Amino acid sequence: MSISDLSPLGAQGGSHVRAVHDEFHGDLLEVSMGPHHPSTHGVFRMIVTLDGETIVKLKPVFGYLHRNHEKLGENTSYLGSMPYTDRLDYLCSMTNNWAYAIAVEKLAGQPVPERAEYVRVILAEITRLLNHTCLAGFLMQDLGCSGTPLMYAFREREKILDLFESLSGSRMMCNYQRFGGCRVDPSADWLEGAKQLTDGYGQFLDEFEALLTGNEIIMARTQGTGVLSPELAVAAGVTGPMLRATGVNYDLRKTDAYGVYPRFDFRVPLGAHGDVYDRYMVRVLEMRESIKILQQALAGIPAGPIMDPKAKLRGFRPKAGEAYGRIEGPKGEIGFYLVSDGSPNPYRYRVRAPSFINLTILEDMCLGQTVADAVIILGSVDIVLGEVDR
Amino acid sequence: MTALQLCLVFSSALFCVGLVGALARSNTILVLLGIELMLNAANINFIAFWRFSPSPAPATGVMFVIFSIAVAAAEAAVGLALVIAVYRHQKNIRLQEANRLKG
Amino acid sequence: MNAVLIVIALVTLGAAAVAMTLRNLIHSALLLIASWAGVAAFYLWAGAEFVAFAEILVYVGAVSMVVLFAVLLTRRSRADLTVTPDSAGRAISGFIAGGAVCGVLVGAIVATPMGVGSSPTPTVTVKQIGVQLMGTHAASLLIVGVLLTVALLGAIVIASADRTDDSEDTP
Amino acid sequence: METAEQIRDRLLARFPGAEISVVTNPGAAAQHSLLLGHAHARAIAEFLRDDAPLKLDQCSNVTGIDWPEKKIVETTKVTVPDPAGGPAKVVEQKSERVQPGYLEVVYHLYSIAFRHGPVILRLRTGNRTDQVTVPSLTPVWRACEFQEREVFDLYGVKFEGHPDLRRILMWDTFKDHPMRKDYVEPDDYEWEPTPHGAVLEKAKAHYPTPPAAAIAPAAAPTPATGGAKS
Amino acid sequence: MIAAATTDAFLERAPVLLRDAVTGFLPEPWRTLVNALIAVGLILGIFGTLFAFITLAERKILGRVQNRPGPNRAPIPFINKRFFGLSQPFADGVKSLTKEDIVPRDADKVLHYLAPVALLAFSILTFAVIPYGRNLVPVELDAAVLYFFAAGAATELAVFMAGWASRNKYSLLAAMRALAQLISYELPLLLSWVPVVLIAGTLSTTAIVDAQAGWKFGFIPHWHVFTPWGFAGFVIFMVAALAESNRSPFDTPEAESELIAGHLTEYSGFKYALFFMAEYFGMLALSGMAITLFLGGWRSPLPFLEFIPSYLWFGGKLLALIFGFIWIRATFPRLRIDQLTRFAWKFLVPLALINLGNTIVWSLMSNSSALMQLARWPVCAAIILVPFVVLGRKLSAGVAPRIYRYA
Amino acid sequence: MLGSGLIQGLAVTAKNLVGSFHDPARYTNVEYPEVKTKLPEAYRNFPFLVTESASDPMGTLRCVACQICEKECPPQCIYIEKSKDKKPDATGKMQLFPAVFDIDTSVCMSCQICVEVCPFDAIKMDQVFEVATTSRFEALLLNRNQLAKPNTYYHSIHPTEAAEVDGRLAAERKAAEEKAKAAAAAKAAAAAAPKSATAAASATPPSTTPTPKPPAAPSAEAPKPPTPAA
């Protein structure tokens, strides 16, 4: 079976798409979930057609948060787009910054000092902890936990945000990376704080997992729900933990080896079933690997400048050309495609938003499942509408 | 009119409401409900006669009603299952149209 | 004493009569539940406590649910809940038949002299019912038990019979 | 991984007659791309996906670029013979040439199997007005589904063979394509005091009596073209 | 009646004495009527207040479980002191009373109005037969337990009415779910207390409490929960009670993350408050019945604690059970509706039936020698434990923690 | 056994229930309006204009209305109008000053880019966050009087950074003064030897306006070195 056969758009139709007969149409119930719905994670809307409680059709509707981010990027200078990238995926501003910085650095051939690379890795991995912890909390909220895992996640998130705030001045909209380094050099105190957070995080994860991982209700709800086949996942451009949950070994930190990631020893957890439980577990295990990376990076961070001395901020004009830079964000591959015509503003500024592309197969995962499953499948995709709608 | 007669009139009136419903309506569910009403009317008679019998001690009327309720419950379950089966076949539950033996 | 009975009877009859004439099936079902509750009230009035509670438990608690389920499962759209008006001829013949039966029954009841027994409300305890069920009526109890089991099995078989494809159970 | 030129040569050998050319990237990233003609685009895409040494199974990024028509002023030196019979003079002659505009769709392909990439494909439309069709690659890579819809929505490129080509980010009744370079935003701003004159002027033009509207924003007329999705 | 009735007579009899002091002078038919009215008023007053503070306690406990303070800002009016937000329920009450009551245009107006009223009425009816203390039972019925469940059975009907009348697709889904849930959990709920009736030989709540009097070896109370069948019955009863009162993890009809608020989506203001009240009343009533059936009713757990009046024991047990409800809500996610019904039919119902047989074994063995008396403990425990494990295995087949590989 | 995971979960929540009463690591709440956490020094929210003296804020604004921040501001919330005339700044040098300097804080996203690009250390990030107002438009549009805050305030919110900035400014000023002094000395020397040193005198510029840095155009290089937070 080839890949196109697996997709509903292929010749044979989807693997489990059931035909909706017209004469039965009265039996179906069309429910508009969102844009005002407690579990659509923002102003996202799904038009769900139900047969009883079973989903026979699901059409995602986007754009309620569309602000033409890319047009804004084309009308601002290269530097001016940096704070806007914070607002794409507002949980992971540090990695968004990094992805944008990497694209611009590629475009301009700008080197980055070693210390800055270490700081970037540290911040990216802390962001991964932050994102995955919150995701687990939100997913459990969708499952009907009355806020408890979410509050534990937010308790830990608070500590991370405090770190971000004391480094960059802002809790969520960090605006921290610059082309050729980072804006501020982290002090020794800050690094000590990050170390404390890292050392304590494993303990928190143990408790979090004791609450959730072995819970029979959670296992019953999530195992076998929203199964995604590796073939379809690859064809649909799904990246990040969602792809790895299907068993495909693809982590840009390993394959692209950007930054200083090759210096660290870490493993890539892989799922086997591609269901919601695997997506949850892959994220939890990734957090444990992130802790390992953080410990190595914090131990090995070198002294030196944080910015490349030749780097320019104001009046930055890269030569004409184009570049596509990408990193492994917590939600998947976040990439920036930039076309320069030599002017201070990018000619074309494109965001490859992971959660937008991961939504491509939302319907495929939801067909044949129930309404309650659709909610947790959407939760397990890990979307942030700021990024989906841009 | 004695209390017993009142009870019996009540029961026969209820029976007739059920009968009219079962005869006059074409919706299968309503017909079934009419039959349920008629059964209830019968139960009222049992209780009334037990209540006003010269020797109510053996509680036979109560026994009858208990069994009757059980039978009525079974009837409701089977009847409504039939309604659903009919609906599956002909996509409505109008009694007049349920005249084919084979779906 | 009789006044209570008359009130109960009127409420029950009214609910049943309205239920049988309404076009909205859900309203009909809910009104019928009210009339069953009225019947239960009659049992209480007559001193058959156990039967009254059993009536509520079975009819209000269970049969009504099955009815509502059936109503909701056998409709294709919201509009289906309102039944199309029945043919006048059918209604008239139904009324004639019902009225005739009613007339005959009431006439017979009024004409028949009935000896009234105990005026104090008789009591029957749960214990007595249990003893009787297990004693004199043990055979009937068994038969009813078998009947119920068979009926339920039959209901399941009928309701799920022609769904041989991969579709789900009824919710 | 093979270079763009090598891939082009292999593709030309496999698809004789196909229009394939390499677009070089002068920037530091040096990510060169392949410009494909419409006729063989889908076949080439399928070949690239299934080809044993390349196996570009992931289409990571799909995006549009708008290249509006631009005037190119070229200065050429022309030797003009002196009519008087003297030595021929070299005269600089300015010629204005209009390079026709077009829309471009860029696909970034990677291989998950072999972990290489990117191979960049480009498809161009004939112009920006009536010939805006390119073949859709959604049947080859499912990942293109939403992204091509986005390009359709924001640039107005029509994808032939796309299974569900609708607007995705803008509402269905929206008329223009906002990411085009010549897009003019409607003046349906809500009037509010702002230090930016241009916006203020537009808002004033849109609302005949702005000061009253400013004092009581609720009384402001609702924008004619804006508003929520249906 | 045992000795305690006289040793600590005053506090124990205080409520009745107080009532008689008030109504003693009335002639007989009036006296009964007034007494009944007083009982009704007391139940409404006490349980209404309890409801108010349980909502606060729930939010506080949920807050503390989630490491936050919970509502703590509503001040006491006029003196402007906060007292940990103790006046929050009253603020909520005022808010819900003054909020606009919105009825959807297409709603079935009568049913939309009737649903909260019916729900509350039925859940209040159930309070009539619970013995709150020694000699404190509002209505002495011979078939009290049957009455309780008959009245309780109608509550889901009201939920259905609410869901159906709202003309909202989410509400309709909720109505269907409520029906399915009721039909599924009614059975285990009823079956779980049949063993108690079997052992006690009565359907009267007071008699059931009396059957649990006394202590074995002087310190193990004769509560039904301290027997293998009683424990199993209690657990089944509580699980089914969770489902009957639409509490997490069985709150599928009002599943917030899926159906917004289910049958409550289109309710606001005071009607919403009535629903809320009815939910808590249902929870309180079911807890009260669980106490009566399994936890010895108002009886004290140890002989030397008998000086504490019986109604306080009842209240304490009630609060403990309510805490359990809240604790479970704070911890568990929601089941899916098909898993929920499967759990009822494939796990709880068979287990309840086996428990019924278990009870018969227990009662048969109790009449024999001392050896048998001792042997019935392990035997009955095994009879219920083995099916529990086997059925649990079958139910959770294919669901297990997984081991992950790394690349 | 079925239920073991559930019981484990109940244990965790019970631990947290008890822990929230005695364990500060679990109960991390702060009752906000009454208790406030200490803001980190790096915290930033909304820009303000630094003035040298608190008594004469408008006279001692560091801002010279170069409009770089206005151009670089991503959401374009800054609006500046240059003065027609010049007046002396804190050091007595003649400078342009902003006749109008507005920041629309309803648009500002506190990104700090204006601070980074300012060559005069004239605009800095504030630490206010309780900025709720009753008017949606006017109250959020801050003018230069509202924006001007003295250097001492800057020292109080960002002590490390302010000290560094002051040191740098002082050094620049000193260098400029020395340069001026040297120039004056050279002039005097040139005056002393008017004839012999005409060439030397003409080599030095006749008037040395000691600017700290030339008012840089957007294209000017040499960005301000990043200021470490601690």
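Here the chain labels run A, B, C, D, E and F in written order, and each chain numbers its own residues starting at 1.
Following the convention adopted for this analysis, contacts are C-beta pairs under 8 Å (C-beta built on N, C-alpha and C of every residue); 3 or more make two chains touch, one makes a residue touch a chain.
Predicted, not measured: the structure shown is a model, and the values here were computed from it.
> Trace the shortest sequence of touching chains from subunit C to subunit F and report its length in steps.
2
> Look at all chain centres (mean of CA atoms) and spot the one farthest from the centre of subunit A.
Relative to subunit A, the chain whose C-alpha centre sits farthest away is B.
> Could you find the chain whose CA centre sits the greatest distance from that of subunit C?
F
> Need the CA-centroid distance for the pair subunit D / subunit E, whole Å please.
65
> So what's the Cα centroid distance for subunit B and subunit F, whole Å?
Distance between chain centres, rounded to whole Å: 87 Å.
> Just the number, please: Cα centre separation of subunit C and subunit E in whole Å.
29
> Two-or-more-chain contact residues of subunit B, please, as numbers and ranges.
Residues 91 of subunit B touch two or more partner chains.
> Please set out, as single numbers or ranges, the residues of subunit A touching at least two other chains.
Where subunit A meets two or more other chains at a single residue, that happens at 52-53, 148, 152, 155, 211, 213-219.
> Which residues does subunit F have that touch at least 2 chains other than itself?
2-3, 6, 9, 12-13, 16, 26, 28
> Per the contact definition, I'd like the list of subunit C residues that touch subunit B in the complex.
1-2, 5-6, 8-9, 12-13, 16-17, 19-20, 25, 28-29, 32, 35-36, 39, 42-43, 46-48, 50-51, 54-55, 58-59, 62-63, 66-67, 69-71, 73-74, 76, 80, 83, 86-87, 90-91, 93-95, 97-99, 101-102, 105-106, 109-110, 114-118, 121-122, 124, 128-129, 132-133, 136-137, 140, 144, 147-148, 151-152, 154-156, 158-159, 161-163, 170
> Which part of subunit B faces subunit C closely enough to touch in the complex?
Residues in contact with subunit C: 1-10, 12-27, 29-30, 32-34, 36-37, 40, 43-44, 47-48, 50-59, 61-63, 65-67, 69-78, 80-85, 87-89, 91-93, 103.
> Of all residues in subunit F, which touch subunit E in the complex?
1-3, 6, 9-10, 12-14, 16-17, 19-21, 26-29, 31
> Looking at the complex, which residues from subunit E come into contact with subunit C?
Touch list, subunit E to subunit C: 108, 111, 141-143, 146-147, 149-151, 153-154, 156-157, 160-161, 164, 167, 175-177, 179-180, 182-183, 186, 201-204, 337-338.
> Quick check: in the complex, which residue numbers of subunit C touch subunit E?
26-27, 30, 33, 49-50, 53-54, 56-57, 60-62, 64-66, 68-69, 72, 78, 125-127, 168-169, 171
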